[in-house]
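Pasting the structures here.
Here come two complexes built around chain A, the first alongside chain B, the second alongside chain C.
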Partner chain A sequence: MRIVVDRPRCEGHGLCEEAAPRLMHLDDDGELVLDREEIDEADAALANAAVRVCPVAALRIA
Partner chain B sequence: MTTPPTSDVDLFADEVVLDPYPVYAELREQGTVVHLLKNDVYALTRYAAIRDALMDWESFSSTSIAFNPMANEALTGTSLASDPPVHTQLRATLTENLSPRALRGLKGRIEAKADVLVAELVEKGSFEAIDALARAFPLEVVADLIGFTGHVRDNMLRWGQAAMQVIGPMNQRTAESFPIAGELYAWCSQVKASDLAEGSVGRGIFDAEARGAIPPDTAGHIIHQYLGAGVDTTVAAIGNVVALFAAHPDQLDLVRENPSLVPAAFNEVLRFWPPVNAWGRRATRDVEIDGTVIPAGAQIAVLLGAGNRDPRHYENPDAFLVERNPVDHLSFGYGPHGCAGQGLARLEAHAVIEALSRRAKRLVVGPEVRVPSNITRSIEELPVLEVIPA
Partner chain C sequence: MSGGAINRVVVVGNGIAGLTAADTLREAGFDGELTIVGDEPRPAYSRPALSKALLLDGDDVSSHELPPTGHGATELLGVRATALDLDRRLVSLDDGTALPYDRVVLATGSRARRLSSLSEELTLRGLDDALSLRGRLAATPSVIVVGGGPLGMEIASGCLAAGCQVTLVSQGVPLIVQLGPHLAGVFVRAALDQGLTIVETGSARLERREGSARVVLDEGAVREAEMIITAVGDVPNTEWLADTGLAPQGVIPVDSHGLVRPDVAAVGDLAAFPTPYGLRRIPLWSSAIEQAKVAARALVHGHDAPPLRFQPYFWTEQFGLSLKAVGYLPLEGEPTYIEGEPGGGPALMRWSHDDGAGVAAALNYRVAIPRLRRMSQAAA
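Let's look at the complex of A and B:
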């Protein structure tokens, strides 16, 4: 599985990073960077938490 | 499939807007959807259905976010009242200046301002928390952000309150507020770049219009939405911070001992007492929810405050517990229309909670005064009688 960002929708609220700092971070310009393209079983719960917490629903699992 | 259960509850009755939570509990038990005969609205009462509805703009249109046709008419063309694809474009211009990216430069200034103000109040020892903090702070932050000066600054509170009040049904409160909301509208229709302080975000919006980065004549509308959506809500939230920490000193202790709980504490304040408890949508088709059908065309009341207290989603929902960190609360809405100003609201509230928890050990307060209001639920007066410094 992987995480997909809807770029136009992402406003850089960064709540996803707080939920899953191992998988993603905001860079110095406040742009979201995914640190792992492929998500393994062990990180599935984290990935789901990040998707769930995004206030504008800019993330999904594919 | 059946028709939803009905209820005689009046969502906008004085006693309900003052304390909606017992009524919400009753409605939530009746069903996920309850047809409120007095208001002729279909209320969504449970967490999961509310979150789904906020995401599903195709079934639940924003063309009727207000509970009276005049307000919906007046809001036509704004981001708040539009559906995709138009909404997507409007939202982009609206958030460009409000996203956490755009606000990063303001963080230090907002924190410093909050700390100075809180230090003064703690030093004083007794003060009226709503005027001295809950109103003073966001008014100053938003005025500086947009670059307001002079008489506009003085009118921000009145205008902001009226803009929310008129979202209600056509009752006396709404009727009395329309002329005041009209003053705000009229001012925003004629405001020019030169009316706003140099270097402000408001001035930047006009520059963007002049450059052609946003369509002609949109700058005034954007400023209108910042004022209409961003003042009364934030004032309510900060007043609630003070009242809830005064009532729950053990929770204030937790934040002081562990300042990394500041964001969690704000999430819990918003979950527990949302500034906006009920908000509208219109069903575009027959929508089935949990076996009942909402008819096409029906006015919906999305009960954010009921979803936030749904025991199906939050354990022990009527307890105020900062450590639960309810990141998925509904108080900013969710999805395409999810609050565009939440980054700013967080900056302001986190700064206040951080300063307050660092400087005050206990707040001893007198009885809070509340005045019924259609949409924003806020405290009108909250006397702090004594501050025990940390």
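Let's look at the complex of A and C:
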């Protein structure tokens, strides 16, 4: 599975980073950077938590 | 642990708190029968989007949508819980049935507080409210918004952006209660620049005269507009729990694990949980999520699960400004500017409360929340 960011929608809340710091972070300009292309089973729950917490639904699992 | 075996969990309320509780129950290893009851006939959605992107974005009516769920619960949507029997462990529903449970999550959120029972008084709490507001704004009516909190200000901002003439009726300076004088000043200046009319008053009320509704200010002056929207706070949906004694003042007090008793959790806008400033209800998005995560784990693992260590996160978008703040609001006095300078431009700011706790805020400044948190904790 992969996480997909809808760039125009992302507002840089970074709540996703708080939920899954291993998988993503906001860079110094506040742009969301995905640190893993492929998410394995072990991190699936983390990925889901990150996707869920975004208040503008800018993330989805593909 | 004293709650007994867990085969069936019922989550009452299908907002972000109920949804997060359901997800977390699964993550915590609960693989039994999970049922979610929600009176809105649709999947959970993002309420914060309703007063922001959804009011503004041209043809986009999807900004409130949340990704599909993965908890595999039986979802009873469009169904209302009407009573809870703590002894027999039963949730009664308005379709006449009752759901037995081993653990129950109370997450029925809150609704808009109203100033009147007039049909002209519009409020914004649910998706239907937002869609109907959007529709009416298309005709650019004159608008009065009553309520100078973040929601009232966001609605006023959205109405202005839609091309309406907007008057905001506020008890004192808008946002001062929630944000403190410094940030309130920044937002009020931006609002006035964009053409908002602000009327300060004591308590306003609504009345109907000669067939149309109007707003009466405390000194008796009257304001009229084609549309009246109020945003004067929220009321927890706890009436259905009246017989249980769980919500003595309409709010459910919980412990630091979000539990009322070992088999009952209460999470989200209806719960008051321990904070450094006493038992408090913090009716915000990330508060609902954090409460739900902690409580769901405690339902499964008891008090061995980690307690809530909530650091409030607040954000708002209005009048061309976006604010993110980490820590307890409101903020007294002037901040230290870490980046930028006073005047409303992009800035990172920090305040210290008297007890040493810090708050960091970003104004029109993209910053990672973990970085803001670190800034809020750094010694001043």
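Simple rule for what comes next: the second predicted complex is superposed on the first by the 62 of 62 C-alpha atoms of A that agree within 3 Å, B and C clash if a C-alpha of one lies under 4 Å from a C-alpha of the other, contacts with A are read in each partner's own complex, and residues count from 1 in each chain.
Here is the rule we go by: a contact is a pair of C-beta atoms (placed from the backbone, for glycine too) under 8 Å apart; a residue touches a chain by one contact, two chains touch by 3 or more.
All of these numbers come straight from a predicted model, not from anything done at the bench.
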item	value
Partner chain(s) touched by A:21 [first = chain B, second = chain C, both, neither]	second
Partner chain(s) touched by A:5 [first = chain B, second = chain C, both, neither]	neither
Chain A residues touched - chain C or chain B, whichever exceeds	C
Which superposed partner A:60 touches (first chain B, second chain C, both, neither)	second
First, second, both or neither for A:48, with chain B first and chain C second	second
Chain B versus chain C as contact partner of A:29, first or second or both or neither	both
Shared contact residues on chain A - chain B and chain C	9, 11-15, 18, 29-31, 52-53, 55-57
Residues of chain A defined as touching chain C within the complex	9, 11-15, 17-18, 21, 25-26, 29-31, 45, 48-49, 51-53, 55-57, 59-61
List of chain B residues in touch with chain A within their complex	55, 88, 92, 95, 99-101, 104, 263, 327-328, 332, 334-336, 338-340, 342-343
Contacting residues of chain C [partner chain A, same complex]	19-20, 23, 27, 46, 48-49, 53, 62-67, 70, 285-286, 289, 313, 315, 317, 322, 324, 365-371
Complex contact set, residues of chain A against chain B	8-9, 11-15, 18-19, 29-31, 52-53, 55-57
